[in-house]
Amino acid sequence: MMMLEYQGKQLLRSAGVNVPDGIVVPRNGRAVEKIADRVEHYPVAVKAQVASGSRGKRGGVLRTETPQAMVACARQLFDTVFGEERPRALLIEPWLAIERELYLSVTVDGRADGYAVIYAPKGGIDIEDGPPPVRYGVGAAQRFRAHELRHALAGAESDYQLREKVVALAQRLVRAAAAHDCTTIEINPLAVLAGGELVAADAKVVRDEWAAFRNEQIRAAREEAKRRAGKLLRGCLDMQHMYVRLDGDIGLISGGAGMTMAAMDMIAEFGGRPACFLDCSPGPTSTRGYRPAFALLDADPQVKVILVSVFGGGTQMQRVANSMKEIMRERKSAKPVVFRLDGTNVDQVPAILGGFGARNHDRLEDAVAEAVRLAKGAR
Amino acid sequence: MMMLEYQGKQLLRSAGVNVPDGIVVPRNGRAVEKIADRVEHYPVAVKAQVASGSRGKRGGVLRTETPQAMVACARQLFDTVFGEERPRALLIEPWLAIERELYLSVTVDGRADGYAVIYAPKGGIDIEDGPPPVRYGVGAAQRFRAHELRHALAGAESDYQLREKVVALAQRLVRAAAAHDCTTIEINPLAVLAGGELVAADAKVVRDEWAAFRNEQIRAAREEAKRRAGKLLRGCLDMQHMYVRLDGDIGLISGGAGMTMAAMDMIAEFGGRPACFLDCSPGPTSTRGYRPAFALLDADPQVKVILVSVFGGGTQMQRVANSMKEIMRERKSAKPVVFRLDGTNVDQVPAILGGFGARNHDRLEDAVAEAVRLAKGAR
Amino acid sequence: MSILLDRGNRVLIQGITGHMGTFFVEDARRYGTQVVAGVSPGREGAEVGGVPVFGSVRAARETTGADTAIVFVPPAAVLGAALEAIEGGCRLVVATADELPVQDAIELRAAARAHSAAFVGPNTPGIISPGKAKLGFMPSFCYGRGPVGVISRSGSLSYECCKRLTLAGIGQSTVIGIGGDPVKGTTAAEALALFHDDPETEALLYLGEIGGSDEDEVAWYAARAEAKPVAALIVGRTAPPGKKMGHAAALIGSRADGHAAKVTLLSDAGVAVAATLTEVIPAMRAALARRPAPAAAYATAPQRS
Amino acid sequence: MSILLDRGNRVLIQGITGHMGTFFVEDARRYGTQVVAGVSPGREGAEVGGVPVFGSVRAARETTGADTAIVFVPPAAVLGAALEAIEGGCRLVVATADELPVQDAIELRAAARAHSAAFVGPNTPGIISPGKAKLGFMPSFCYGRGPVGVISRSGSLSYECCKRLTLAGIGQSTVIGIGGDPVKGTTAAEALALFHDDPETEALLYLGEIGGSDEDEVAWYAARAEAKPVAALIVGRTAPPGKKMGHAAALIGSRADGHAAKVTLLSDAGVAVAATLTEVIPAMRAALARRPAPAAAYATAPQRS
């Protein structure tokens, strides 16, 4: 779960990291008017608070010199759509006199058996576009060793005083990441000011949603994300379904992340276009679990046909088939549904589906082909 | 640094621990009037927020049934002095229907090489007054093992479902203590509600002030403590002096915790009474460092005589002596000062003190005897 | 032979009194797994399907000689239960839970390494050595005994692929679900090393996806001269960048995370790569066709099913 | 003999280019300590008072054979520096810093145990073996070589007491400041064990205070039949309960933390207890009077100063 910049900076500040002294302006007409009273020094940066990346390239950060210009910028940014979202807030910060921009991040990395610290002596750009950064595999947070990072940085950063500051900051970030269940803390750019002071000019903090049981902020953020979602999507999120909307017309109700992607890929291979990634396996594989998935896809005008693809292990397929029977009976939508159920107790499935006039496809290929055919017919 | 109950509960809540849904009322005349609007259900507990212990025994928690009674209680508590302090705030919580009271704490314990978990099946009282509690030595937080605590609890707690909840909660507390640099998290009582749910009915959280560099809350709390202190004491706290006021008349300016206590004890042994524990060694041992100590004790009418007792290792005593010379020259107070400086370069000290008519005592005994004599004369 | 799991493992179930644990007792035993003990603190002395329940791993091991554990407890309790099993001397510990905080996975991996235990999970259906034993909730009928070692980041996908293998007459030595999380108890590299040393395993099938770095390890192995032949399927060709596709690790965050980059990487290393599910069997056959003659490959004759 | 430190230790100074480090080079060398290297990252190649500066403990050890470290860096950097020394193979590491977060002390203690290194600190002046070497900032003139091992929770108090001992003609084998924090690199119990095995040490002086549990360990040792005689001073008789007296551990939180309880505990264990500073020398003489005859106590004759 990605935090907005200002939230990430609050977390960094709480961990003793220097961040600019910013003002958060929530999305609210009256607030914009009042910003000017709270800003004492210009120029300032007016920054759109959005979760989607490459905000800078899209004009989401504006420099303004006067109160009037700032209010105009704020209005403009609130009205701009970045990716798929309007800014939920603005962050107004003093414009930093940056001497140098660095890149520093701490992220969970399987190769490191835990965290890795990534450093590049040139920040402010996409890290992939520069030369390979320094990577120090930490492992568990308490395995961070200042001298190991120092050694790793020796070739990339010749300013030893700066290097020591980076080591101290990285140590703090690793500790904060573990303490607050963050999977990534990225500071890009990490600004070096004239006095040598390091300031986090931007912050991208991603938190581990599975730590919600022991972290109230994460729990609240998950609830907030549900709250922001439309009613239909919220129904799915309440069932722990994983949903990513795509631009096709074949709605996919599936189980298991890999299997869902495999079905998406096969739809494309057969000339169709998936409307979503929708993995229903984390929630209850029951009528209660699948009902919101149908509600969401039935209501989505982009979806022309629904493909149900579930291969169950712990999930017993006769139960899934019975849920489908129940849902089909109560369902209002006339969108065609194609079934491919397989796995534990699949031998009982054809009879159950047959009971309401549906047919189970033995092979995923057949089901996908049918769905693609129906979707084309519906266009 | 002890947090107030409501602050401690905020920390617990952030770590996924159940706490009552309370309302914090700051010390502010108008706020008391408005409390009633925010309380929906009665009875409630009105709890004075003070750092000193045994609040319950001193009437700092009141149960009220009506809005009128609550406002009256709030006014009464704000006007009460607990130990040496008036409540900084009140916490108003729903009155819990407690089925059982437990004791659970996590604290730094040298014997455990880190944290220890303490559990008693009967809470709500001073843990020392009951039978010996269960103690599980954890060590470093990541060394917490659920099965080890479970094993330790087996004899003391027969309800296995409750035991499992205590294990899960203790795990969360140990993790939170390490993540937030707490040296103690004590929940007493830990309430068991009718449904078996555990709720932290009280919370005593002590934080490690030396972690201020990596924890903004601790840094801010230290600043706040300085802010609340009077101007003179603040001068000492700014120099990192450690000060505890006592009820005697011999002001002690000393270096080193153990040596300061030794001097206090010797003052008492010689028939005098120390006015304070004042250890100036953590700050600069220079004029700048000692000046606020003199300012504090000179201004304290209870202090009749000042005893300067410093035994320096890394501290070079000719520098301390020169600082004394400078301070004595600029000082307005006529309170007598007795010196006993010893340690590195002490051979240069007598000449420097003699330069302004003072005398250095070779032995602490002589200096203490002199200070006690002067204090008695001043009465 | 097989890896990690065979008829010899003596299995204890942590959380045996729960829904999953109770189901597993019957299902696993039906498959031939030796289920010897359950652990459920406070329920010691009970029985589940004839299996004795203990209050701790230690008690279970002392009485039954259990040496293998499978953990069926809620996510918040997995760390404690799995540490108890790892540090209590179990040589193989499987934790199927998804929704495990990555911090906890990091701790478990470190503990397993420190105790030289094999830890499989989280976010996995488990491990099965067809015809011998299963330790997880995969559908038994999909599997058949044979020469292919299967490593999968995804549960259902492994059922689908193994069913296809079995229907095509290609059996499996062991199928290990390494899971979809970024920090794994057993990594692809470690599973490959185990299969490499297993005489029954003649070729490998790796089921991967976008995101993460496991595919680097597979390519690194496959490029070695002495490697056993490897086939692979990478899913997520149609996944958009920057979105988490269910699994925590299935996210295209950099160019190397993408489907095309992974397919190229593996192909260049000599892996027979299936870009979609329909190509899995052809790719597997291509890999099997490359295996050396058994006599040249092994000092001792491998057992075949 | 002595404990932990003698003329043989080859000392490196972490933070040698700082104020404390620079002072220590001269002061310690004057006392006879072998100061062979300094570490100050980025300053490698420099010299401080003729001592070569290296960028890492590893480089310093490889070039100079340093086996002992003293850490003079700011509190936030102590954890990193001391871990580097402990894990880099130093057998003795002293960190004098006060203001070290207790979390960091916990980690350092665990690391020292894991690497069988002696760690002394935090919040201590260090350790001195009079007439041989000093590793800390205690005032040298207070100490004389002799048969008493001194363990102190407090710095200045140990200077005061050792000066009294020396003036009374009672020398010290080693004086170790275990520090005033609750979690210690070397505990009273560990220091006692070292002194117990040191033939030069014939009796012990323990300088304790209110709060904490170190005095329990001293009592436990002193009560043993084979214990060397122990004298002790406990300060804080006039300290009020519930207030931290400078040291993090010096706080009366329970009855056992108080002065009277500790004096009783130690007296009951046979310790010659001084309730205040004026009684230290008599208590020490009482303890020394109880020591067994040297011939019976040691296989080899102890060296005396």
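Structural remarks
The first chain written gets the first letter, and so on, giving A, B, C and D; residue counts start at 1 in each chain.
Here, a residue touches a chain if its C-beta (ideal position, glycine included) is under 8 Å from a C-beta of that chain, and two chains touch if they have at least 3 such contacts.
Bear in mind the structure is a predicted one, so any value in this text is a computation, not a measurement.
Between the contact lists of chain A and chain D, the overlap consists of B. Here the chain-to-chain distance from chain B to chain C, counted in touching steps, is 1. Between chain A and chain C the centroid-to-centroid distance comes to 27 Å (mean Cα coordinates, whole Å). With centres set at the average Cα position, the gap from chain A to chain B is 43 Å.
Taking the mean of the C-alpha atoms as each chain's centre, chain C and chain D sit 52 Å apart. Multi-chain contact residues of chain D, defined as those touching 2 or more other chains: 76, 107.
Across the assembly, chain A contributes 140, 142, 178, 213-214 as residues in contact with two or more other chains.
Judged by the touch criterion defined above, the protein chains form a pattern that is neither an open path, a ring nor a star, and not fully connected either.
Contacting chain pairs (ordered by label): A-B, A-C, A-D, B-C, B-D. On the side of chain D, the complex with chain A involves touching residues 41-43, 55-58, 76-77, 79-81, 83-84, 87-88, 107. Interface of chain A with chain B (complex): residues 13-16, 140, 142, 172, 175, 178-180, 212-217, 219.
Remark: chain C residues 20, 23, 75-76, 98-103, 106-107, 109-110, 113, 125, 136-139, 142, 152-160, 163, 180, 182-184, 187, 207, 209-210, 212-214, 216, 233, 235-240, 242-250, 254-255, 275-278 touch chain A in the complex.
Interface residues of chain A facing chain C in the complex, by the touch rule stated above, are 52-53, 108-111, 113-115, 128, 139-141, 143, 178, 181, 183, 208, 210-211, 213-214, 242, 244, 246, 255-262, 264-269, 274, 277, 279, 281-282, 310-314, 342-344, 346, 364-365. Put simply, chain A touches chain D in their complex at residues 142, 145-147, 150-151, 154, 160-161, 163-164, 167-168, 171.
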